[in-house]
Amino acid sequence: MSDARSRMVARAAREIAPGMVVNLGIGLPTKVVNYLPADFPVCLHSENGLTGIGPTLPHDKADRNLIDAGGAYVSTIPGSAFFDSAVSFALVRSGRLDLTLLGAFEIAQNGDLANWKIPGKFSPGAGGAIELAQKARRVVVMTTHCDRKGNPKLLEACTLPLTAKGRVARIYSDMAVVDVTPEGFALVELAEGVSLPELREATGAPIAIPAGDIPTF
Amino acid sequence: MSDARSRMVARAAREIAPGMVVNLGIGLPTKVVNYLPADFPVCLHSENGLTGIGPTLPHDKADRNLIDAGGAYVSTIPGSAFFDSAVSFALVRSGRLDLTLLGAFEIAQNGDLANWKIPGKFSPGAGGAIELAQKARRVVVMTTHCDRKGNPKLLEACTLPLTAKGRVARIYSDMAVVDVTPEGFALVELAEGVSLPELREATGAPIAIPAGDIPTF
Amino acid sequence: MKLPNKSTTLEEAVAAIPQGATVLVGGFGVPGTPFTLLRELARQDQRELVLVKNDANEAGMGIDHLIAAGQVRKLIVTHLGLNANAIAAMNEGKIEVEFCAQGILAERIRAGGAGLGAILTDIGIDTELAKGKQVVEMEGRPMLVEPALRADVALVHATTADPFGNLAYAATARNFNPLMAMAAKQVIAETETLVPLGGLAADAVETPGAFVDQVVELSELSQEYGIVRR
Amino acid sequence: MKLPNKSTTLEEAVAAIPQGATVLVGGFGVPGTPFTLLRELARQDQRELVLVKNDANEAGMGIDHLIAAGQVRKLIVTHLGLNANAIAAMNEGKIEVEFCAQGILAERIRAGGAGLGAILTDIGIDTELAKGKQVVEMEGRPMLVEPALRADVALVHATTADPFGNLAYAATARNFNPLMAMAAKQVIAETETLVPLGGLAADAVETPGAFVDQVVELSELSQEYGIVRR
């Protein structure tokens, strides 16, 4: 992982407040747990039927029946619980999920999120993403600021099929921490070494800049 | 229990075929189990969350957490299962309940059943009766042929609020076994000592009489 | 990481119940009824309550204390048959009573816990229970809309709990408890035994702690929990 | 009284699946997938199947055998991401695919098992998943009607079962299995261990046997059940 990404993950880990129930999407979001203290009080949820996700295990120590939603062999901790898929999403939809960290293809300035389908290219199905994005109390995106071709992911409006409308509260990227406000994107922090013109260039929508010194991460 | 009632209960027990899942209503229906052989293969369901109902226990042997839907202290047998109230009625509504034996205030010749409310006199709520009567694969009534005042319970049409419409298949009374057919009530068997004129007198709707000798019970 | 601790005192837990709250109460007859939480609710005297429960317990037990003290505005139940006091209060207009088919009450609560809007069912069609309910056609068949029932508070009784709020129930004391424990803003569980984290195996958990807000260990089991000698 | 015995052979159980059947298949990834039942279904070669499953397993595993053999007409799934063969079959028009949000698929199956007509939910509103779905207003808010999904057959994988069909699952192998085990005319369970009646405690049962029609004890666990080394 690049240095900017590591710092982004470390910064995103501070989203997690003591006592929260949290679902971490596959990929970058999963890595935030590495930045939490060992005794930090939090409940991690995996939508295939587990609360209290313990450390990932190597193949020779793994339990063939114990995976997370991304297929990684995980473990339990004292107080873990198993349940079926209906109970798992009951938790998500009924407001018991305090926070979800998700990846994104596109985020619009009104909080719309697209992260499951690129028509004609990528359409494997949304899995649990629509419910996580529609119903978690707080939806936070972790993503590179631009896609592989260098095109901005933060846009005035999404062009891809939506996952959820107006639900993204904040974005952690390798360039910045950005809030989604009723007035659109608002810069919160800049990654070290990124300039404001660089950020504006890489952002496909207006972005409000706070007065005074801009904190970095 | 009078002799006629005992014979009715014994006769009704023959409703239960090997392998069935059966719900027995409070009162007379519960007593049919006394007429089944010890190794008879059947699954008894109690709507408060139990399959595999074992014998009733005296207070000094009872488990305070183990009752049937009528509040009797029951026991388990090998293979019993506990579940919540949603699963319990899922079983009822999804067609897994082969048979229910219920009490009745009124049964109409089209199979309508009234057994939960007498407006102005008795309205404690239907509990699970509506789902049992609407969804069991076979609904059978066990009742005295007439009410305490001597009025017929088998009628051309119900006068009381319905529990379920057109669902009763058969009635076991202290006077007769009566089928509900598309043409109305049809006598199947007579209780010993009951004459056809007595039966007609006690029945509030036409009743078809089979040709030839009428079996008795 | 470590799972959060939610154990608290009886008094503090029940103090979280506001006046006028809609309260789900576990239990089918005696088993699974949270008698101690109900006694404390009677003592703290929150009023204008709407109680949702399978039944109204028996006279002198459980929610009957709240009805007798005039704390209850409305009951949503499946039957009142064993409580003559509750039937009298209903007939005298002291409390409003809404009857629900038993399994549909379970499903409405479950739907509340599952974040659904409603279920569609044909249960109650052709009966009084259909009166005043929204009807939707599905493939030409009428279905009743039974709205999800989500409450301010749920009071449940567990046999075993851990401090995170993972719960397990005994025998037929399970009944409505796991459904209600998912379906309220504030879920309060009383437990006969509080075990340390890890004391309840992950596959023995019947209500995952993520649904539960407060856990109260019972210091003793009052007579109400015992065998009823009729 | 004694609970009925439903244990049978692999061949006989799968022979109950008709051509053109709609088949629920348990599992989320490897855990809980009934690989042995699926292998036998491939061998017996029932065709024109509609399969309902969280995912399409991976290439060369589980339901991929049925897709590869041309036995599948349609898939109802939440995602296909790990099976390039299934994506290719979809893109070439060889199989029809219906995508469902994961928790809504769970609820539709559960509603089938609970004898409900449908659930009402706002999940998928504002997305493609709402296309073509019936909409009902509830208190002024639009809700999608998601019809119950009840199938001809369910194939589930249990860790422990008794001859009556009481089932228990291991860890995250539970997933869709208990929901599917309630939602079909013919419920077939394969089990790693078959214990005598009473060998599974009443409060350890995760699927009551009253929902289950046939129980098949596995003579061995094939490689497919093992750890996936990517």
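By letter and in written order, the chains are A, B, C and D; residue numbering begins at 1 in each of them.
Quick note on the criterion: contacts are C-beta pairs under 8 Å (C-beta built on N, C-alpha and C of every residue); 3 or more make two chains touch, one makes a residue touch a chain.
Per UniProt, the chains are C, D = Acetate CoA-transferase.
Being a predicted model, the structure only gives us computed values, none of them experimental.
When chain centres are defined as mean Cα coordinates, A lies farthest from chain B. Work out the mean CA point of chain A and of chain C, and you get 35 Å between them. In this assembly, the C-alpha centroid of chain C lies 32 Å from the C-alpha centroid of chain D.
Taking each chain's centre as the mean of its C-alpha atoms, chain B lies 30 Å from chain C. Contacts with at least two other chains are made by residues 107, 110, 114-116, 121-122, 170-171, 174, 202-203 of chain C. Shared interface positions of chain A, i.e. residues touching 2 or more other chains, are given as 50, 82-83, 86, 89-90, 92-93, 135.
By the definition given earlier, chain contacts exist for A-C, A-D, B-C, B-D, C-D. On the chain B side of its complex with chain D, the touching residues are 18-19, 21, 33, 36, 38-45, 50-52, 76-83, 86-87, 89-96, 135.
Those residues of chain A whose C-beta lies close enough to touch chain D in the complex are 46-50, 59, 62-69, 71, 73, 82-86, 88-90, 92-93, 117, 124-128, 130-131, 134-135, 161-165. Within the complex, the chain C residues that touch chain D are 107, 111, 114-122, 134, 136, 138, 141, 143, 145, 147, 168-171, 174, 202-204. Residues of chain D that touch chain A in their complex: 28-32, 54-55, 77-82, 87, 97, 99, 101-107, 110, 121-124, 126-129, 159, 170-179, 225-230.
Partner chain A is touched in their complex by these residues of chain C: 1-5, 110, 112-116, 150, 162-164, 166, 182-183, 196-198, 200, 202-203, 205, 208-211.
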